[in-house]
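Next come two complexes built around chain A: one with chain B, the other with chain C.
What follows is the complex of A and B.
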């Protein structure tokens, strides 16, 4: 069956009890419909799917022990028929044969190419596990889901009758729970068996399955037997846990194409291709031409191939994946990342065959954890409720330290804060007041564990007064207010921060956050321009950022004396350094409006999408909560709807004169 | 020949020289010479005859101009790939600014008289070189315009 109405059918289907000694009746009944039955057998010390004649051919009383590079069958202490997990044979061997003649050609009396009619013998697959059903469904998408389909596969899938078996045991190599393919069988079967101590719980999943089950010597299921069937499978889930955190794995891998581990794992990998051959979803093939000696007739054979093969990506001019690390990366990223792009799912079902049958004990779970470690789930932050929101009421904070930045700019570190301020987000601001001075809005430049930094430029009475305070002084605060930088929108992209002059202040916290979450971004860059070297803020932080490998820092000044050895030129000249695909840039821009205008134009001309440019606007603010009207900018209040805006949302209001 | 190959390889790493035809690149390589400059070495003095044009291969140069009562002010830095002394493309012009290496630098320096003669006689060279010089000058004009706007005013 390719697709069955299994979900609805199975949900409605009644469960029965089939005694273990009557399993043979099931085999006989299926064979009676003209099908050959393929099921687990023991061959060369492993569970191998092969033809069985009777239930006696099934490996009763065996269990397996699997680990990385290890597979052992041993006698179990019970008489279970399915007391092991998956062996080296994937079911694709029967739906997608390792060798298949796909065409013949002749040029004796006549000249032509012939395509054989698919020869799909009616088969029944007995003992198909949940992960294997998921694998068959994945190959359905590969071979039947696109505009070009595989007729042979279609015929074989349609001719296959699926007898699924719930897993009531697991191996250390199993991770279907991580891939969300098991251990419960959820559909895609004609008949489902769950083995319990006394025998089997059996139910049909299709009309064909119903017809078979109806003819079996079953009886009604007791409450205890039904409970045991559920408990046995649930125990497997509990036992397996969730060995591989998969959240965001596709994107995580895409960010790690240059990880040094690719080279390291390639040193261990012997490129035998066992992982791809035993994988139930790998579908790569090679086409081989076989000719008679006289060259008059030939056949075209499709054979399983492996992307680990040295010549797999070779063309006349060379090999696109010449190094083992390239080939390992190709395999792992296809399975867990690019498969999503092509087929809308992972290419892995968590069966663990590639782990058990790797002769050098490479465990994909370890490789994924090392190359693309889990990152905390993306939580879109929400603004905290500001304290003392109402103008005139203030929360008192203490000035812990004062640090001069430039001739007229000072950074104040405030502590003894209401906790709400510590929960502020980079980009937000606070209203700061002193007795006898009107409140002024100041962007939060740094969020510390128990303090916040405010960088104040002395341009009016309040800011001059703030800049002249000494440690220990008290100030009134309201906030945190306004919108904040949408950092998560830059995940997986090139994060570009463009700062001009004191505009670095509301971006400092953003840079801190980008550096702290560096693994989430393709790259992180800071372009900082100021009028002169003396106008630069945070020189120690700039030096520390430059020294770190987390962020590329490029600094320029508009003009300088001979003592300045760095770049001279407006900030937009730094954009000449951009070498990335700018459609993958998310930019954050702050500075005087003329500088922002020039920067935004520069970014757009480089190809940065306008909905990926975020700016922070400055307007006269008095209340900070959208009630006083001072900061209105067309249909928005900058204090409440901003100060951080997506460029698109500002439309043609951005930099329009007189707005 | 090996020297020319090295110059051409260096040219290929600059935006100015990368897309020139191999013939033009070789012509430029033969016209000019690679020069190394120490940090703080003055390459060209403001007001002197513009005798040479250079393509910076590595390092950094400062274009400085003397402002009364403020002394020398760096108005622009020249980064690898950019040119300096472009006035030498024109006859009888003076250097607009003093060019100083702010760090150890290397450039392909082309003598102005030879360059102008070559441009007159070799139309293919002129057709590919003039647009690049113009582009370099336009970039500088654009930057200067933004500097004049004083983006950090206010």
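What follows is the complex of A and C.
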């Protein structure tokens, strides 16, 4: 009996107390309505779902101990009837039988095909857990939710009376809380039982359930009993097995179709298909034709199939999933990712059967953690409050070291800083001043534990003066100011950094952050172009990045002497090396404005979405806080609203201005 | 109609090499279907059932037994020439059988220890599957073969289609029958995951782990299954014995046995 409106009905249903010795009356009452009762009973060393004649068939006083590839029954210390968790039998056995004749055909005197009329015996499922109710609902979606439906399933589902039982215990293989299917039953039942020390709290969830409950030897429920029922279920929530972090799992898996772990797990996997056969939602089937000797009458026998079967994806000419890793990936990605696309939910309910019944002890939770590791919740950082914001107030810093980068460019390491500067973020800038020199905006090129680096090109009086300072000198700083690179927008994507000339300076800290958090990105790469080899910044860092596996570095120069062995050409020529799906690219671009325009155009033509391109702009800044008015661009102040912008936010102005 | 069907009945021969005759008996054991089978097939050569002998050519030759003696090699080649379709039946014919265990042993020493006059016994140093000597058109696995699969093969010949014999793990049959996994719930040793189905999980249905008599299924991950058992604490001798059963000489079981043999010492 499908009890979809049960939710509201259940909420209003009154709870009663049923003594443990009266559980047999429930079995009797259901059998009295002409139904066979299918419920938990001990057979072959496990609690299976099979026919229950009397309450004596139930596993009173037994509990199970489960782990990956292991299931054992043991005597429990109490006389609970439902003191176990789910066993080897999925309820689909009774709604979606493992063997079914779906058609017959004949060509003796007449020629034709017949579909058998569904033969759905009235059954009652006793002891259905929350995860199992969720699984039945998932198969409802699969078999009944589309334009074509499964008549046999419909009939069996309609003929099933559901007696649900709240879980008051859990196994190491359980993870229903991760899948949000349990532990508490929230609907989808005709009768609901919750076991407490003295017996059961019982309530109806449908008119059919009410009729049964009304005839049972129940009594009113005490406050203590009602409280114990709630506490027992709530306690299970805290005793779950290893959780499965589900946040974004469907997308995370789709990004990892080539992860090396697929091959590793496939070496262990014996492809027996036990996971899929035990799974309460797996629904694939195969058909076998049976006929008499001369083929005059035949029947089409449908059987549970598994995507691990060698013939599952085979056609004339080959197999679409020829390798074990392909088949394992098909199963896991279907269950946890593509099921959403097809049916609007996960295909997993967290019952843990695929873990317990895997003879080589593969735990999907471990595989998912290794293949598509959870990304820590994305915390969007906010800018630290700048110190000495207003023009005229400065925080003093000491110059720790000076390193020449090119003929006219120098990197200064500043220390003895106000801690606010150390909390700056890649992409932000500071206003730097010396007595008698006008303050200039300089991007922070590197954030160290107790210092920051500023790379200064000697183009004006202040920058020339800064470049000629010696260690120990003091400078005035305001900041950190402006917007910063939205690194978290590239999580799970290809992070692409495009730099031209000294434009690498405000990107240096970004590259450091990308490399330090490499696991969060699908790939990290740097495209760097400069006029000549001598104009390159940070040559030691470039060499170290090039040698690192964490980041792919491609370098080009516009022109070079014969000693240059690298590429020659503008930076956009490097884009030929991009082989990824560019819709999954997040790009960060800095350089001379014409170079940025060409780079952005190149990225867009490759398919990078415009809202996934971030640029850092340079304009005349005097105050750095949006008051002096010099740095306006596209209705924004570059100092306050920038310097880092999402390309979309600049609109057409990005291509209009430029030196 | 009946007469013409009779006239067109395929000529069937059943032959044997080194084997126990149990697979041939499966044909005679098809009691419900036997009359219908003989009305549609002309079983002209079947020493186990009749002393009537008929020379080839034959439409179908069922071959039981492994190639174990020098004269077997010529005999199987001759049979192949006489057969339109050659079907090997049983673990001996398809994998070498239990007697293929001698392939890892000292043949002469075994012979000397068993026979008073080993010089009177002519046997090959190895017992091998028929397919190692001639082309085989179809195989029926098992020790003995399954009557249902034999009927299906005969049906497929008459109907004119490929036999619908699934190549899947014995686990699949356990799960469909609702048999509780002996490995997981009882810690039993079982060859089910690497063995091809067809027996309807006969041994597990009696609480015994699968012996692997149907032999390795396609893509059997014997390496993972054997190393997993070793890792869970089973002694190498036990794992060796499990793989070195009726079909141990069939790959990839053969490799597992050979490698375990090295560690067994």
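Side notes on the structure shown:
One rule holds in what follows: the second predicted complex is superposed on the first by the 628 of 659 C-alpha atoms of A that agree within 3 Å, B and C clash if a C-alpha of one lies under 4 Å from a C-alpha of the other, contacts with A are read in each partner's own complex, and residues count from 1 in each chain.
We take it that contacts are C-beta pairs under 8 Å (C-beta built on N, C-alpha and C of every residue); 3 or more make two chains touch, one makes a residue touch a chain.
The model shown is predicted, which means the values in this text are computed figures rather than measured ones.
On the superposed chain A, the two partners chain B and chain C both fit, without a clash. With both structures placed on the common chain, the touch criterion links A:384 to neither chain B nor chain C.
By the touch criterion stated above, A:562 is placed in contact with chain B alone, chain C being left untouched.
Of the two partner chains placed around the shared chain by superposition, chain C is the only one that A:310 touches, whereas chain B remains out of contact.
Using C-alpha centres, the superposed arrangement gives chain A a vertex angle toward chain B and chain C of 80 degrees, stated as a multiple of 10.
Put simply, more of the residues of chain A are touched by C, taking chain B and chain C as the two choices.
Figure legend note: chain B and chain C, brought together by superposition on chain A, show a least Cα distance of 33 Å. Chain C contributes residues 33, 36-37, 40, 151-152, 154-155, 158-160, 164, 166-169, 171-172, 175-181, 183-186, 190, 192-194, 207, 217-221, 223-225, 228 to its touches with chain A in the complex. Residues 500-501, 529-531, 535, 556, 558-562, 564-573, 576, 591-592, 594-595, 598 of chain A are the ones that touch chain B when the two sit in their complex.
Those residues of chain B whose C-beta lies close enough to touch chain A in the complex are 39, 60, 62-64, 71-77, 79, 100, 102-103, 139, 143, 146-147, 149-154. Residues of chain A that touch chain C in their complex: 43-46, 48, 50, 69-72, 88-89, 93, 98-99, 267-274, 277-278, 286, 288-295, 303-304, 306, 309-311, 324, 356-361.
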